[in-house]
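Note that the chains are named A, B, C and D in the order they appear, and that numbering of residues resets to 1 at the start of each chain.
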Amino acid sequence: MIEQLRTNLPLWVEASRVHAREGQVAAYIPELAKAPRDALGISIMGRDGTTLTAGDNSLLFTMQSISKVFTLMLALSDNGEEGVFEKVGMEPTGDDFNSMLKLELVEPGKPFNPLINAGAIAVTSLIHGASPAEKSERVLRYFQDIAGGAPLTYNESVFRSESATAHRNRSLAYFLKDNEVLGEEIDVEDVLSVYFQHCSIEINVEQLSRMALVLAFDGTDPITERELIPRRYVQIAKTFMMMCGMYNASGEFAIRAGIPAKSGVSGGILAVVPGQFGIAVVGPALGAKGNSTAGVHLLETLSTAMDWSIL
Amino acid sequence: MIEQLRTNLPLWVEASRVHAREGQVAAYIPELAKAPRDALGISIMGRDGTTLTAGDNSLLFTMQSISKVFTLMLALSDNGEEGVFEKVGMEPTGDDFNSMLKLELVEPGKPFNPLINAGAIAVTSLIHGASPAEKSERVLRYFQDIAGGAPLTYNESVFRSESATAHRNRSLAYFLKDNEVLGEEIDVEDVLSVYFQHCSIEINVEQLSRMALVLAFDGTDPITERELIPRRYVQIAKTFMMMCGMYNASGEFAIRAGIPAKSGVSGGILAVVPGQFGIAVVGPALGAKGNSTAGVHLLETLSTAMDWSIL
Amino acid sequence: MIEQLRTNLPLWVEASRVHAREGQVAAYIPELAKAPRDALGISIMGRDGTTLTAGDNSLLFTMQSISKVFTLMLALSDNGEEGVFEKVGMEPTGDDFNSMLKLELVEPGKPFNPLINAGAIAVTSLIHGASPAEKSERVLRYFQDIAGGAPLTYNESVFRSESATAHRNRSLAYFLKDNEVLGEEIDVEDVLSVYFQHCSIEINVEQLSRMALVLAFDGTDPITERELIPRRYVQIAKTFMMMCGMYNASGEFAIRAGIPAKSGVSGGILAVVPGQFGIAVVGPALGAKGNSTAGVHLLETLSTAMDWSIL
Amino acid sequence: MIEQLRTNLPLWVEASRVHAREGQVAAYIPELAKAPRDALGISIMGRDGTTLTAGDNSLLFTMQSISKVFTLMLALSDNGEEGVFEKVGMEPTGDDFNSMLKLELVEPGKPFNPLINAGAIAVTSLIHGASPAEKSERVLRYFQDIAGGAPLTYNESVFRSESATAHRNRSLAYFLKDNEVLGEEIDVEDVLSVYFQHCSIEINVEQLSRMALVLAFDGTDPITERELIPRRYVQIAKTFMMMCGMYNASGEFAIRAGIPAKSGVSGGILAVVPGQFGIAVVGPALGAKGNSTAGVHLLETLSTAMDWSIL
């Protein structure tokens, strides 16, 4: 199996790269618009640490929405299931990731799940820490541990760019405050600063595939055998990835690829083949629904060829 | 006619006052919750300044949404029709006054009209002035002139209470910024401070009926014969009052009373009998749709008895 | 005034006719698609029957949504205000005329007003008569009386075309049945057949301006002095025309023209200058919101020039 | 494992049965309202046909929405993936199962997935057959084969009751016709009659668990080793069950139980433990989101105890 992958991966990457032409690099955060449109890179990491890479695998990118998977697990560790699900629901929405429709239309105005923006902001507000700086520090360390220990850093210019232009996220956050999902004691700008920080953590596909590997092995890093995340929280995270990890193209991805995945607006996608591989892809050109066009094509090709669908 | 009014007004006020029981004093701004639930006062001012008052006519209340009628006319004077309607539409919505549905669902995300919160915030952003303080000062002077010249003041504790708790308005304002209705150069908190200021201008029914009188006479104060507002802008304001002045009970009020009116969450209502009377009512207990229950009953009683419907 | 009108009307018609180029003839009912795109005709009738016509004033067209104004008044005569408003609301919607959003989202799922399709279907279900044929017969006679007594006929091919293709209206009607706005005893196809019949009554601008004249004089035909409709019901009808007679461009028309009007998908518009004139226009090319582009331009030109706005 | 199940199943059934008190038997189809509220039965069938049953396992019930899983696979066999997904999408909705919001709001008005009512009606329209009777006959035979071969029958009184009262489904179907999801050549009543027929197929938990078993073994009946459904179509069906099989509580069920399942308004639930078990439950009392309260509790208990989550 690994040999079939090793042989074909460069070919598949090049065959998928052409689909970058169908997408556009995200422009809403000015810093993101600088990414190379035709880039496509992948890293696939196995149980023993064997790693296959192909394409532009040295490209650095920010985690953006991919970070939501991990802040969810940190918030679960800090607050327990009940504490988290008091503030955020468990349902896919069918709406855009930054939609406010269901906050207004569906009582009691709780975000539908932790992977849409409203839900992720609510989750970030639950992370423990005496100050925004301390919370961001905890997040960074948590991510580093899961990524294998090497230091990760924030991309400061993306953070500043995002913070300066994120009017829709501010709108969502104040709506959550009005709905009492964010309590009176919570300062909206404080929560958003932690949120923008974890969105702007910079990473490459190899590091991100290590994070995916930990999810593939139920929270234990199979290389070090360290138990990093409780299995139940990993299960919750993967279930959400399966249902709503690819924005409102999650269903299509589930039908075509059938593996838990989470995409980000920088073009990154983290994907999990349970019990086998952690995968990370980056391809900055995004389709209409916000996912990397080349990256999605590559993962669907891989999953079909390798019969990875969990169903 | 004026005699019929003089005789019956105290009786009609008492007959309408019982409907205060069907409503609740607004609680979302803590300061407003202190208003007397059973109060009901009215002032009707005629062309020559003759004024009939009845009930709790000395009660002071903040203008709240009633102020939107006048800031609209000031913004029209500052920017012209084209300048204003580039940022705000002309259509009733059928939705709640603080709804965000149409901002998300209907391209290009412009507020539907100047009397819903989103539209009024956009209008406030158009008022000229070098600073928020200067804008607020211009608004206050404009309102004073129309109210007959006596000084008006802000209710500072309502302003602070409103500013501290207006999460939904902040959410609306940031959504408008994301939709580019509020331009990049505009600071959301600056706009909101001007907005909360004009909402918290304190007034009594007699002063407010003078403001209504100016609208009844197409922008000219019939007592002083000063031309205060261009007739066309008054026409626009009255048309919006007719279509959407009473939140999403505007249609019902148009069918039952048939005169242009604008209500506020403090329980005030300004109403206009074109060419005849300026009217102001206050009754703090609000119905489900945000209008004074006793005040609406009183205006419907008056309009039916006096055959005031403009249609 | 009448002389100014007489002199300018042909010029104004030609100046407005060019705006037909901005619109398209309705295609959703195949029969309607045959209308001449560039046609524009008008009739203005005064108190004594003096009639000014210009442009394509002999064009026959079906009443379509214009009929809703008159079926509303007939249903009010048959059931009283309470009987009608139990089934249909009084509020503008801001949504498309065939929208189902508020039927699903706003309790208790009653149509918001009698001029959107859902509301008009509910109103039609209230017209008395032992059978659909008898109801249609009553409607036709009612319309004829108001139009001055000359016989009106149904356009059978429009009726059949509309009935065969009106899937959305069927969808609306079954939704109303599910919401119990149409009771268990009511057969949906029976109601729709009466509805499609009154939509397909054929008329010309002169006849239609006579119908408008009756509304301009509060229900009394000023030529014959016959009282045809109770004044209160005319008032209700005109108020709805003012608020929601021009689909979801009603607000814009109210701001720009300021007179009660009702448009139809055949390109007809009925307009009322209270106490003065009944007006009818036809121009088959429709804009994005369903109103005759040339017709709207002509009415706005007229109202501005003649200072007809009721506010 | 089977021994743990055998021992505990009766206890778990009784512990879950009390949750029937939290629900109500569906009343919208009069015939369904006759079901016993406190009933709860289950059948679990393993690879070799070993079957564990407990509770009210002889209760007959109609398949209702559970049938949608199988008509989807039949339509896929008749039309291929492309043919089906041209008419129906792949995304969860977050809305009620009979919602029309996204049909109106999201271009091009295609149902979001095959398990909501609109999508299932579209799927039913794709089943091959010269007449409604022939289509229904094909459906029945298809279901029988998957259920092990014993004859299944329609519950005629449920069919008639459903057909007579299904105004909302008629409304959906005509909306689909207006959106051209149902083509011009398709008769709405014909499609609905096939749809109501397969919803009213009567079954018991043992037969239904055999159908689930075939899904658990990728389309091959492990008892007879007959290949009944192409594996890819079973994969598609199970993926939809995972994402949207439990109405708008699908996410919660995925997080808590983690196995593909489909519920029906009669209180039935079909669930699949891939490679291991086919399961069927019936408990007529439904919660607010339309799922059997006792049945959901029982499946969550089982899945947690047996560690069945696929993630």
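What we mean here is this: a contact is a pair of C-beta atoms (placed from the backbone, for glycine too) under 8 Å apart; a residue touches a chain by one contact, two chains touch by 3 or more.
Just so we're on the same page, UniProt names per chain: A, B, C, D = Glutaminase.
This is a predicted model, so every value here is computed, not measured.
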- Item | Touching both chain A (Glutaminase) and chain B (Glutaminase) (chains) | none
- Query: Measuring centre to centre with C-alpha atoms, which chain is farthest from chain A (Glutaminase)?
  - Reply: C
- Using mean C-alpha positions as chain centres, tell me how far chain C (Glutaminase) is from chain D (Glutaminase) in Å, no decimals. 47
- Whole-angstrom distance, CA centroid of chain A (Glutaminase) to CA centroid of chain C (Glutaminase), is 54
- Taking each chain's centre as the mean of its CA atoms, how far is chain B (Glutaminase) from chain C (Glutaminase) in angstrom? 32
- Residues of chain C (Glutaminase) that touch two or more other chains: which are they? 105
- Query: Which chains are in touch, pair by pair?
  - Reply: A-B, A-D, B-C, C-D
- Task: Quick one: which bits of chain A (Glutaminase) touch chain D (Glutaminase) in the complex? Just the residue numbers, please.
- Result: 89-95, 102, 112-113, 235-236, 238-240, 242-244, 248-252, 254-255, 258, 260, 274, 309-311
- In their complex, what parts of chain B (Glutaminase) are in touch with chain A (Glutaminase)? 99-101, 104-105, 167-168, 170-175, 177-178, 188
